[in-house]
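By letter and in written order, the chains are A, B, C and D; residue numbering begins at 1 in each of them.
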Amino acid sequence: MGNSFGKIFKISTFGESHGLGLGVVIEGCPAGLEIDEAFIVQEMQRRKPGQSKITTQRKEEDEFKILSGVFEGKSTGTPIGMVIMNTDQKSKDYGHIADKFRPSHADFTYFEKYGIRDYRGGGRSSARETAARVAAGAIAKMMLKHYGISIQAYVSQVGSLALEQSYQELDLSKTEDSIVRCPDPQKAEEMISLIDEVRKSRDTIGGIVSCVATGVPAGLGEPVFDRLHAELGKAMLSINAVKGFEYGSGFEGVKMRGSEHNDAFYQEGDRVRTRTNHSGGIQGGISNGEDIYFKVAFKPVATIMIDQESVNEGGDSVTVSGKGRHDPCVVPRAVPIVEAMAALVLADYLLISRTNKL
Amino acid sequence: MGNSFGKIFKISTFGESHGLGLGVVIEGCPAGLEIDEAFIVQEMQRRKPGQSKITTQRKEEDEFKILSGVFEGKSTGTPIGMVIMNTDQKSKDYGHIADKFRPSHADFTYFEKYGIRDYRGGGRSSARETAARVAAGAIAKMMLKHYGISIQAYVSQVGSLALEQSYQELDLSKTEDSIVRCPDPQKAEEMISLIDEVRKSRDTIGGIVSCVATGVPAGLGEPVFDRLHAELGKAMLSINAVKGFEYGSGFEGVKMRGSEHNDAFYQEGDRVRTRTNHSGGIQGGISNGEDIYFKVAFKPVATIMIDQESVNEGGDSVTVSGKGRHDPCVVPRAVPIVEAMAALVLADYLLISRTNKL
Amino acid sequence: MGNSFGKIFKISTFGESHGLGLGVVIEGCPAGLEIDEAFIVQEMQRRKPGQSKITTQRKEEDEFKILSGVFEGKSTGTPIGMVIMNTDQKSKDYGHIADKFRPSHADFTYFEKYGIRDYRGGGRSSARETAARVAAGAIAKMMLKHYGISIQAYVSQVGSLALEQSYQELDLSKTEDSIVRCPDPQKAEEMISLIDEVRKSRDTIGGIVSCVATGVPAGLGEPVFDRLHAELGKAMLSINAVKGFEYGSGFEGVKMRGSEHNDAFYQEGDRVRTRTNHSGGIQGGISNGEDIYFKVAFKPVATIMIDQESVNEGGDSVTVSGKGRHDPCVVPRAVPIVEAMAALVLADYLLISRTNKL
Amino acid sequence: MGNSFGKIFKISTFGESHGLGLGVVIEGCPAGLEIDEAFIVQEMQRRKPGQSKITTQRKEEDEFKILSGVFEGKSTGTPIGMVIMNTDQKSKDYGHIADKFRPSHADFTYFEKYGIRDYRGGGRSSARETAARVAAGAIAKMMLKHYGISIQAYVSQVGSLALEQSYQELDLSKTEDSIVRCPDPQKAEEMISLIDEVRKSRDTIGGIVSCVATGVPAGLGEPVFDRLHAELGKAMLSINAVKGFEYGSGFEGVKMRGSEHNDAFYQEGDRVRTRTNHSGGIQGGISNGEDIYFKVAFKPVATIMIDQESVNEGGDSVTVSGKGRHDPCVVPRAVPIVEAMAALVLADYLLISRTNKL
């Protein structure tokens, strides 16, 4: 279990960091969608290691192939199978940690769960798996675009350096201008300096990715357990290193009074709108047509270049030494992953909503 | 969709606030579990309206009946069907809002989604549905108890009044001593005063529920999409009025360096332990045997006794006036709901974990 | 697992033969459907024991209550919860078989699976559970009717007495005229005599129910594993006492040559039709717009009034003596159950088909 | 939907007949299973085209690669991704039928469902998809073998030529000795002659595959909708060209009296056995420890070398002429597919059964 996501627009991923390859099967993509492979490449590039000085310098080519489900440039309604072969499989690099549990990685828990683990690069627990999500998310985005829905994520915090503006006060079109993917140029510079400093001290740091979905029609979401924000929350919490999720007013909202927090309704043309949007575009688990926005907290990357105390499979005390090429901060590369997961949720709920009424 | 939760230990709820009744079907409860009905009653009492001066004075008897799945006091492995008949159905009370959209309720979104809605007391979107969850959660708790797992939630914040202690520094056995369910007696008094003041001003306020699960064995959780914390997050975000979820170091963790945040492993007898627990008992989505802890943010209750601007189904401007008996703050009654949902997730993942190895 | 059926239009049943009650939760019924309770009553009557001299004389009132999901006569899109309380719970009747395994019942297998079982009337394995299916099926039929789809089942064989006509050669409107539900009046008489004779010899006999669905649009069904006929087959095989399923040409079709069996296409107005219908209205798992027809084989009822060899839970040899009021042949009462399950499959696939294209 | 099968041991297939490749993702294979790749190759050979004079002479190499989920020869509990690249993609061969609906194929229904279709070799509806099933089934078989369960299928009928022996009266170890996979050498010769004659007349013919599972422990199966035989039935009906399924006494059982049909219980050592096995090893949807056996009816292959009447996408009358290399009878190659699907069902239910009791 646990390797599939979605109900109708559903993905199943497979693959380990250093196996032969990884991939994704997308079920339920409606027939007739034009598949723009160049766009998938572009999205993959945004997630790719080695894209800037503040990301890992590891090389992964991330070339995907679409094996099925697309005919003469269009989706056929059958499963879209995509594979990405692993070319940079330096397995030997991992000999030194083969039986050691790296602190705050999934080494120990996988071993407890399965009694066996592919220790190379974290195996299945590696964030490399998210390459498959980004590829699938690109297709979900194409579908959403067809319906006028767009999703934009950006870095709003690195360590204690936080944007003070709300998303409306930012020019999100500038997000990709900076290698840290923060739309405020000055804060972006500060964040880059901080990450650089952290990297030099052989350490890592956390951050927050914020995300906005616009153009979402009212009526998406399922009552009770599959509330739209519950599914978005699960989607985000399923990304490596995520520790928290909040939408709309979030944790700050708890301090407010109902009279402040409630979003008054008014009519604008033929549309019901709200004067404020503490609801974050979702009420009772169903979209209300306003912008959906949420935040995702990422912990500092667990792989550091500093010696750490640990134990091995035999229960002996050992020292884990950092080695290899790793990200000092995960959020710049997490931006497209957050967008991909949001796109997958919205594409799925858009299809589900077609079955609501007689 | 959206009315079921869980994969093996799975619940499906049904019922509206003012329909004939509501209920839950529990599938996958293992056979042979002693079902203690008195315990279910006790859990229901903790969620019940009218239990103290700081909760709604509405009367709901919440008497449940087990229709199936239990024979001679034990679960039989077949679905446990439970129903709670609604006795206090003052439908007429709702005539004044029949076609109005109450701000920050689900009235508008249900109408957009379904084109029809049971407006009485919020219909399906009412928190009354959580009675069914608490009943089911009580059974999940019985199962967990059998395996030495216990779950304790408590109120850690009301408005801006926040506990400063970590859960280890608190005496959680005192939680039920106070009507606000805060284990720190002094802070509890302050919280009660604040809620009382808010109630008198005909307003409402938000809060945070913290939760700890102890005795969880290492190895529970599924890789990738169904990470244990992702499922817990979804479970919590599916509770009415929840705006955020974080576990372990949470949003604060983003400010830390990897060298601070990482939890060093050491051997304690035959068990691998961690020196710190920023991971919140979960690494790579799988439990590591340490305590699992998380926080859930609740917004202020949307029903206030103050006039509010809105529109009706016809698009006319209207005033929504508060009426009826409502909670000024939801968190005291949310404590057993948070526990119930956590219990359901852990019971489910405990069963799933039996299938991991040959 | 195993107590739910369907993907979007989904039912979950609960309840044992002699528990407090049984019921069904219907998820995914589209909002806005007029719910005709009288029609549900009528369908329940067709399944009800004691309806004629050739069925069991057991009295079960089968009065259902709709607890949720219907407001002012229409479905609201939220789960429709229905309960049927058991009034005739003569549990004492079952003391004599409490620890005995009745031959060809589920007593032994439930005991092996769960280690505990509600032995009264077969518990969960009792065909009484199908009352919940018929109630849910009635609602599915209402939805199908709205879209011009109708389903008609009838008894085509009892023991070796088989109808020779195809369904097109029969007047299916006469099915309900005979207590055996065979549309050929003469064959119906013979069947009734046979069942009566079997009943007098304290024995039981098997039979076949045939079923036709008309008005099904082309394009329903999912490729590969969830082919429309595979889901229909599973639905039928899930009914108590069913041993086989075939559709279209069925087992006889294996004897044919491709040149005979293939259904030539031709154009009729704006519709593509087939000259013959060996495909049974389904090609590649997807409906082609022709009538869907299939057959369901029922074994003789396992409860006979003749002494039988068996063992008990302790492994001792015992004699099982028939007692109580049972059906000598299950097919007359199985007709509405077959229709109900077919209706549930088609309602579900109709909704799924809305998500196929952009 | 429709491209996944199973609940815990779950497969998802993708790929078209003439796309770049096809594959399968296996989730839920327990960790620690030794993966014997040579055995997978062997199973694929049994399904492969061109294996004898009575199968299609089409060449498909069917070389699979395991991309993930296996480490140092053992399953790791993570998804096993397998791909088979298509090398013999003679797309041009299909130009002549690009817009024509071949009778009794899925051309028309896919077009109705999706509005677009990959017409090359039937696209997704091609039996080539079953290569992925056989690969996955081989892994399920390895797991079953570990638990002492084996599955053997064989051809029991071609056209009207039917074996008269029950499976107990046959020497199933001889099945693979004949190219038609019938364990009775004399009948096998007759079947081969018949298929050869049919092939020469440019026609096709149907047949029946019988299957036996031995060593299945009592207690596998889920009550009500997911009865073991219902899931087996669905699995079989999901195979291309299948028209019917029966288990145990099957359609013949309807003619019997309960007193004949019931399987008396007796004690044999510490095991409860049945004197006869009309139940086919399954009672109330749960295995009882006796052999499970069932039959699967296959229609004649739809592709014949004879001209046929049809229409095209534009609604014009056309003639469809046979071309290419096709099987005159599908059953010899269907034997390993039936086994694979049976293995997948049993592996899945074996894992599920671990969750039944406290």
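The working rule: a residue touches a chain if its C-beta (ideal position, glycine included) is under 8 Å from a C-beta of that chain, and two chains touch if they have at least 3 such contacts.
Computed from a predicted structure; not experimentally measured.
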When A-B and A-D are ranked by contacting C-beta pairs, first place goes to A-B
Farthest CA centroid from chain D: chain B
So, in whole Å, the Cα centroid of chain A is separated from that of chain D by 39
Chain B and chain D have mean C-alpha positions lying a whole-number Å distance apart equal to 46
Taking each chain's mean CA coordinate, chain A and chain B are separated, in whole Å, by 26
Expected list for chain B, residues touching two or more other chains, is 1, 3-4, 8, 13, 28, 31-32, 77-78, 113-115, 124, 223, 352, 356-357
The answer for chain B against chain D in the complex is residues 8, 28, 30-33, 75, 77-78, 143, 146, 223, 351-352, 354-358
Chain A contacts chain B in the complex at 1-5, 7, 13, 101, 103-106, 108-110, 112-115, 124-125, 129, 157, 159-160, 198, 203-208, 218-227, 229-231, 233-235, 237-238, 240, 243-251, 253-267, 270, 272, 274-275, 278-280, 282-289, 297-304, 306, 308-311, 315-317, 352-353, 356-357
Counting only contacts in the complex, chain C reaches chain B at residues 1-4, 8, 12-16, 19-23, 25, 27-28, 31-32, 65-69, 71, 74-81, 83, 85, 113-118, 123-124
